[in-house]
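Here the structure comes first, spelled out in structure tokens, and everything after it is commentary.
Labels run A, B, C, D, E and F following the written order; every chain starts at residue 1.
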Amino acid sequence: MKKVAVFRKEHFNAAHRLHNPALTDAENARVFGKCNNVHYHGHNYELIVKVVGDIDPITGYVIDMKVLSDIIKIEVLDRFDHKNLNLDVPEFASINPTAENIAVVIYDLLRKQIPSEHSLKITLYETERNFVEYPAE
Amino acid sequence: MKKVAVFRKEHFNAAHRLHNPALTDAENARVFGKCNNVHYHGHNYELIVKVVGDIDPITGYVIDMKVLSDIIKIEVLDRFDHKNLNLDVPEFASINPTAENIAVVIYDLLRKQIPSEHSLKITLYETERNFVEYPAE
Amino acid sequence: MKKVAVFRKEHFNAAHRLHNPALTDAENARVFGKCNNVHYHGHNYELIVKVVGDIDPITGYVIDMKVLSDIIKIEVLDRFDHKNLNLDVPEFASINPTAENIAVVIYDLLRKQIPSEHSLKITLYETERNFVEYPAE
Amino acid sequence: MKKVAVFRKEHFNAAHRLHNPALTDAENARVFGKCNNVHYHGHNYELIVKVVGDIDPITGYVIDMKVLSDIIKIEVLDRFDHKNLNLDVPEFASINPTAENIAVVIYDLLRKQIPSEHSLKITLYETERNFVEYPAE
Amino acid sequence: MKKVAVFRKEHFNAAHRLHNPALTDAENARVFGKCNNVHYHGHNYELIVKVVGDIDPITGYVIDMKVLSDIIKIEVLDRFDHKNLNLDVPEFASINPTAENIAVVIYDLLRKQIPSEHSLKITLYETERNFVEYPAE
Amino acid sequence: MKKVAVFRKEHFNAAHRLHNPALTDAENARVFGKCNNVHYHGHNYELIVKVVGDIDPITGYVIDMKVLSDIIKIEVLDRFDHKNLNLDVPEFASINPTAENIAVVIYDLLRKQIPSEHSLKITLYETERNFVEYPAE
């Protein structure tokens, strides 16, 4: 069978703040700088979901992009878009919402919904100049 | 003289919330929807500053882009970047930080610093799909 | 009042063919070249709708972007997206679907739905390298 | 030797329709939705061709980009650009022109022309939000 | 008649150096900074040519994009692409090749070739963040 | 541990010329065409640096992007930006500055500064349509 990767790009807009409660305020300020602003700042996150699998001989699809888009909407966008990641998304109650950690959380949310025969990778742009990929190649 | 426009693109990342204190909470929720989230959300704002003037025969510049960039940094980026527009930027204490109003505030901040013989226009992208221009052509 | 322009970007994917039935086949082939292919070709059209008006003092908006987006969806996307412009869109039964003419048709469709105190402009990208604007500035 | 990947980006504009003749019309409509429109729709396809090999010590190239671009032009653009994939490209007479299948067809066309010591990968953007890669990493 | 603007985007890669021979070396270094490097630096210039006119009722075009592209190729690309603007392009023997001046030179080259009933505007990107427009709106 | 890749995008503007001194002038002209222009040409190079490693449980970072950006500035931008690669950058005194070779040189410069437990990859865009990656996947 021919393994093909398909990619779906989505986006969400969210507020966040980098902060580790195990550190003092002075340490947080030193480590995270302006990203530690107590009043939060925010980003237009661009999310690319990569799914790898065989081409279905009936449809010519690896996965129906409409189905993939709906899964991303339910699992990620409805929960993250126009939200404060620290306050509104339970996963970040105890995890610092760095781009790295957000990508891992999104992977875990989507992994349960994508058929197990398909491999999955997340790319998350925090800005045009800073982005992350999980799992790393 | 030959009138030329020069453009400088900058960006800042900020949290905000759309809210009019003159309206009830129910009215705010109805008018602003998910943009009214009490915990804020955020954006990567892309800012394009347009300055129109004559070409200086000595430099070949309308305005030195380094000078323009420094003005934008001092007047806008240092005050807006990694901030909560509603809480950290005094101009929005009484003005709802819609893209329209942010563009007007940025225009007023920069207008004082750009030589009066130059005309000025602000384009502000809130997302790739939603953007504004002031003054409108 | 402060005149501000707001812009909303949308897209649609369509097939088309450039052809003037008043010309002979040979003339059509000469004038339109490969764009005259009898079997059609297609594009990802990027549409930017510009609306100019005063900022509403209650909302801080020129026009609610959700309302504008819904108007574009009903008037343009639902009628043009995943369609053959020549065969499926009645306006092009007698008008050659060049980018210029598509922009004029979209303007006429939207003009009826946008409040008359607002001015309107259409920018349409046929490709990243070829685009048009109507009315021209 | 140092293995380097070089990438060349090209594009073509084409009409297509998703349709499996082994399915009934009702099944095709259900599976492919608006992509099944009998009159076709179309896309600006962005194609990225990746070639991996050693750096030639004389030229400093993995492969001359002019040569690679010419191969893509002859094998892909001259056959796909401004065409109807279903009707004008023989490969899709019996293969449904999904992005996945188009990428595999392009790979097979180019594989014969790229020196065998070079590995090859195809990335194909159907829209900015939907794209595929073959072979998958 | 309906005035429509059409835009064609092209690009060229060139070396240049900002230098005014009427200034001393020290003054040039102070005014132009690293852009005054005696060995030159370079850019991928993105050029957008805007032509405004009536839609031709026979073709549906303001101007045939193939014709416009050919004019730009002959007048600009063949003379500027892969060149050193200061040394290889006669217009810059006595004019400092700032983005402002390059735009004016390109306007003057194209103005002679574009029918006089069409208005013309040049946008030139020196980088993604620095660009100019002539004549200014 | 969870391996995550982080990416930082930077850019520099430089002049260069493709030329192999071991070849005759006629051979250089034949092999490198207009890229062999004796007066140089130039590019806006876009550089993406990929670093792979474990997420630090204290910071939530693979590597602090500010630290990574500073390393790139010192090792690459301060030495390449607004320079003539052939004349101003010692590494290219004897190496032809093709995109392939520039990527390898940048990799070698950064590899010494990035902690050894992190893997490293360089992507370098010479133009939007021509780019390279080292080491190749």
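Going forward, a contact is a pair of C-beta atoms (placed from the backbone, for glycine too) under 8 Å apart; a residue touches a chain by one contact, two chains touch by 3 or more.
The structure displayed is predicted, hence computed values, not measured ones.
Asks: Give me the fewest steps it takes to get from chain A to chain D if each step has to go to a chain it touches.
Replies: Graph distance in the chain contact network comes out at 1.
Asks: Kindly list the shared contact partners of chain B and chain F, in label order.
Replies: Touching chain B and chain F alike, sorted by label: A, E.
Asks: From the centre of chain F, which other chain's Cα mean sits the farthest off?
Replies: C
Asks: Looking at where chain A touches chain F, is over half of the residue numbers used by both copies, so same, or under half, so different?
Replies: Answer different: the two copies use largely distinct residue numbers here.
Asks: Provide the C-alpha centroid distance between chain A and chain B, rounded to the nearest whole angstrom.
Replies: Centres of chain A and chain B (C-alpha means) sit 28 Å apart.
Asks: Could you please state the distance in Å, as a whole number, between where the Cα atoms of chain A are centred and where those of chain C are centred?
Replies: It comes to 34 Å between the two C-alpha centres.
Asks: Can you tell me which residues of chain A touch two or more of the remaining chains?
Replies: 128, 137
Asks: What is the complete set of touching chain pairs?
Replies: A-B, A-D, A-F, B-C, B-E, C-D, C-E, D-F, E-F
Asks: Spell out the residues on chain D that touch chain F in their complex, using ranges where they run on.
Replies: The touching residues are 2-10, 52, 55, 58-62, 65-66, 137.
Asks: Touching residues of chain D toward chain C in the complex: what are they?
Replies: Within the complex, chain D contacts chain C at residues 11, 13-16, 34-35, 37, 39-44, 81-84, 87-88, 127-128.
Asks: Note which residues of chain D are touching chain A in the complex, please.
Replies: Residue positions touching the partner: 18, 20, 22-23, 31-33, 95-101, 103-104, 128-137.
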